[in-house]
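One structure coming up, written as structure tokens, with questions to follow.
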Amino acid sequence: MKGQGLIKGLGITLKHFFQKEITEQYPDVMPELAPRFRGCLRFQFEKCIACGICVNNCPNDVLSFETEKSDKSKKKKLLSYSIDFQYCMFCNLCVEGCPTNCLYFDHDFELSSFEREDIKMIYLRPEGLDEAEDSQAEPEEQEDKEQKQIEAMLKALQKNPQKVLSRLLEGEEDINILSELIQSDQKTAGKIAELMIKDKEKALKVARGFINKEKKNRAQQEMDGGKGGDNDV
Amino acid sequence: MQEFSLERMIQELEGLLGDKVRTGSDQFFTVLYIDPAALTILMGKLRDEYGFNHLANLTSVDYGEEFEMVYHLYSIPDNNKVLVKTRVPRTLAELDSLISLWPTADWQEREVYDLMGIKFKGHPNLVRVLLPEDFEGHPLRKDYLMGGRK
Amino acid sequence: MEALFINLAEAFTGWMIRLGLNPAWAESILLLVKWIIVITIITVNIIILIWLERKISAFFQERLGPNRLGPFGIFQTVADAIKLLTKEDIVPSAADKLIFKTAPMFFIVVAVMLYTVIPMGKDMEVINLNIGLLFFISVGSLSTIALLMAGWGSNNKWSLMGAVRSVAQMVSYEIPLAFSLLGVVMITGSLNLQDIVAAQDKWWFIVLQPIAFITYFIAATAELNRGPFDMPEAEQELTGGAYTEYTGMRWALFFLAEYTNLVAVSALMATVFLGGWQGPWLPSWLWIIIKTYAVILVFFWVKWTFPRIRMDHLMSFSWKVLVPVSLGNILLTGAGIYFCRWMGWC
Amino acid sequence: MLETDIYTVNVGPIHPSTHGGLHVEAIMDGEIIQDVVVHLGYVHRSVEKIAEGKTYQQFVPYTARLDYLATNLPVLGYCQAVEKLLGIEVPERAEYIRVIMAELSRIASHQIAISATGIDLGATTGLMYGMRDRERIMNIFEMTGGQRLLSSYIRIGGVAADIPDEFIPAVKSLVQDIPRMMEEYNGLMTGNEIWAARMEGVGILAPETAIQYGVTGPNLRASGIAYDLRKAEPYGIYDRFDFDLPLGKRGDSLDRWQVRIDEIGQSGRIIEQALKAMPEGEIKAKVPKVLKPAAGKEVYHRIESAKGELGYYIVSDGSSKPYRLHVRAPSFINLMVLPVICRGGVFQDIITNIATLDPILGESDR
């Protein structure tokens, strides 16, 4: 019977009329990107050993760098590194070749700019890098040490929060509130532990933030509870 | 038609064309090197008598003094394959067109003309296909240098 | 509620007379006000309709549609209209300028004229014409000329092809369109639209004339140049057809006129086949609006489901299917009426 | 009789339905097509010349830009050609991943063909449904290769990285949904009478003409010839899979369209089997940093791309860069048949025929 196909088509569109929309509201809601997503190519100056593999791997001459022969050591000294991003094909060949992982793609994909010159990214030698290299303080070891400290702190925090927090905060009430929070929420505990080791001032600020928020929450709950006729507090 | 056999085909072709055809083989193909003058005869035989109805690929390579034309022939559905090569001198880059045997040679020959500058005799519409009509030179020749980015 | 608009108009005239105006003057001022209101309502209605179509087509395609400007993106079309108004008005140098410029105006004037005869409620129409239906069909067919003017004036192959197609299409679909309405006219014995509505107090004509309804729906879709019959525009083939060369507000006028036509034809369909303004509980003018919108939604649904038909199929469908079927319907209706009289039912 | 005149209409290079920069000059007598002249080259990038200046590895990302809608297929073809040239053995697991990615690309390409045909014929909703389903494949590409459209994921010797954990569930759910997708395309478009009327008997390509003109891929199979390189000359590990070749009977547009839809289902079957049989192990063979094939060695490797027979002819001169690289682009050769199938039809058939031939201009113009 002619016309059956037409009616079937109408049925399909009608079915979809009531289905959930699949639109991503992009600028308002950022898309979820896969971990491997290649957005903008970034460079870490400290890690680069100026081997030139990335430049050789690049199909499109995007990468270039300048070096200087150092007097003290045999190592070449990297002066600047530039990424002419307008020619990049996002093929990942430079990142795969890099022996020290100093090149990486981040998730920033909004790469348009008004000027052609803005696309080119030039990394200059950061000041103070020479001294850091000379002192030869192994940054990895330091990091490890810090990590251990943070872990220890976290344990202490969970075991006996009042005592640990009294080093940070003043006021009985605040300490109690925060310790309750820490025991109930792992994330908060981790954050505060990390900050207490790294930067005490910031830790104080963050802790105050948490306490104020919690206080507000409680006040809100009381209000709501009060309306319901619960006048215990 | 008889059962297809590569050896018999080579024998017959050598008998027919004498020293104009030379056979060889590489890892993947049996190669027939043919004098450009006898190209259409050989191709006609290959198509009509040995069933190579599918001219898969037609291209050219620049070897300095000479251009090499490369034809990859297959048969559908038996999937026999043969590679035909012929060379024309750079100074007189002219060759018979295969358009009467395989219409598919039409644009492929135009592309070779366009990019390599080999002329095909008997092609009804030998104009550039990929590059604009007023383009000068043939970019796939080795002496055509690419302009770099500033 | 029923006589809301009539009372409003009477109150307005009364107020002006009390101010000391000559009753004749008051009448003419009222007419002017009516006109302004009608034009405003048409424009606003179209803006809503365009938004609605975009929204509904989005839902069919599992999208969201316009949703940034205002609640549910309702001001999107307003923004578009402002954009179109401020755009440069390009007239091609090789165009026939007079025809090129007048074509959109002609189109919209014809489209607005259609509203004069449609009963928008009980005793609510601009003119109660005793040949209302005939007037509607004949004025409706004038829009062909506007499209031909646009296509010819643009001096562009795409435009001309679109125009020629639309002329062929609209002339051929005029016939089944008129024929399908004849069945209804035979039953009521009147071309007056109010009479036709009144005749539907028991049975809507969609029940008595289902074949006529379907043929009218198809022919009307073609008359309106809506998908799947959007030959004159055909973006994917003719890059915009008759409207290719138009920009800015001139182009928007075509759009406006198309939607105006859509509303008018849907309203006629509601009047002739769906009982017009008749309906329980709600005031009559609300009923006709509801019915018109229901028909419009079906138009949207069809457009956003079907592919475009091919030109030659379109023509042969009209002449080989629709015309015979609508003629057969006339025959059937005549036989039915004769049978009814013979049985003494009517 | 009225005197009539022949006129030309230029469809493209800027036109909604030419799928890129294709310029078709239609010589018309009223609505009837007398002849069609195709002008190419609007997206010509001289890929073959570029290849002569790049190393074998550096050229890999360029191949993805040939057929950008089926991004993994041209890359697969090129990598296999180079592997053949060098005699590199690819690890089992990599082969299976490659098959899955290639078939996903084929589905993605066919979905574009289907949805683009939808929009070209005025069924806008068809476009949206096709694109919606393709989005899931793009997400899979993003999670494996890091890029949605041009993920240079397949590399010489294997693949760039092992598949992530989310990969297998995502592919499985996609494969499960394929029958539903096909049903939807068929219900919305194929079964529609208007659709069938626009395609049936339009652009008939006889099997003999198809072979003469070197037409390959779904277009050839729609003409009724069971010729698929995955079966005729299995490359990689395609001989291990069980799948059918959907064939057409009339060779018209409707057959070409239907073959593409059915091929999506067959690709789904291949992916299912590959997922089941995929072993653990290495994902990349040991490949030297600098690839130098023996001088004078040459290879012609062809794979069944989404559009047809995609061949790479590579000549080596012993250096790290190819001496000559030629791409046998299926779109380029399939387009040659457009004038043949358009003649005698009406104007709207040009659009239908371009859509169902499914050329991709990045590949045909190179």
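We call the chains A, B, C and D, going by the order they appear; numbering starts again at 1 in every chain.
Here is the rule we go by: a contact is a pair of C-beta atoms (placed from the backbone, for glycine too) under 8 Å apart; a residue touches a chain by one contact, two chains touch by 3 or more.
Just so we're clear, the structure is a prediction, and the values are computed from it rather than from any experiment.
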So the chain most remote from subunit B by C-alpha centre is C
More Cb-Cb contact pairs, comparing A-D against A-C, go to A-D
Distance in whole angstrom between the CA centres of subunit A and subunit D is 39
Subunit A and subunit B have mean C-alpha positions lying a whole-number Å distance apart equal to 58
For the pair subunit B and subunit C, the C-alpha centroid-to-centroid distance in angstrom is 64
Touching at least 2 other chains, the residues of subunit C are 60-63, 304-306
Each of the following residues of subunit A touches two or more other chains, namely 6, 9, 12-13, 16, 22
Residue ranges of subunit B touching at least 2 other chains are none
Contact graph of the chains (line, ring, star, complete, other): other
Touching pairs here come out as A-C, A-D, B-D, C-D
Within the complex, subunit C is touched by subunit D residues 7, 9, 15-17, 31, 118-126, 128-129, 132, 188-189, 192, 194-195, 197-198, 346-349, 351
In the complex, the residues of subunit D that touch subunit A are 54, 57-62, 65, 125, 129, 132, 135, 139, 142-147, 150, 152, 160-161, 164, 184, 187-189, 191-196
The answer for subunit A against subunit C in the complex is residues 6, 9-10, 12-14, 16-17, 19-23, 25
Note: in the complex, subunit C contacts subunit D through residues 57, 60-63, 157-158, 161, 227-228, 230, 234-237, 239, 304-313
Within the complex, subunit D is touched by subunit B residues 26-29, 53-57, 59, 61-62, 70, 72, 76-77, 79, 83, 102-104, 106-108, 111, 115, 128-132, 139-140, 144, 146
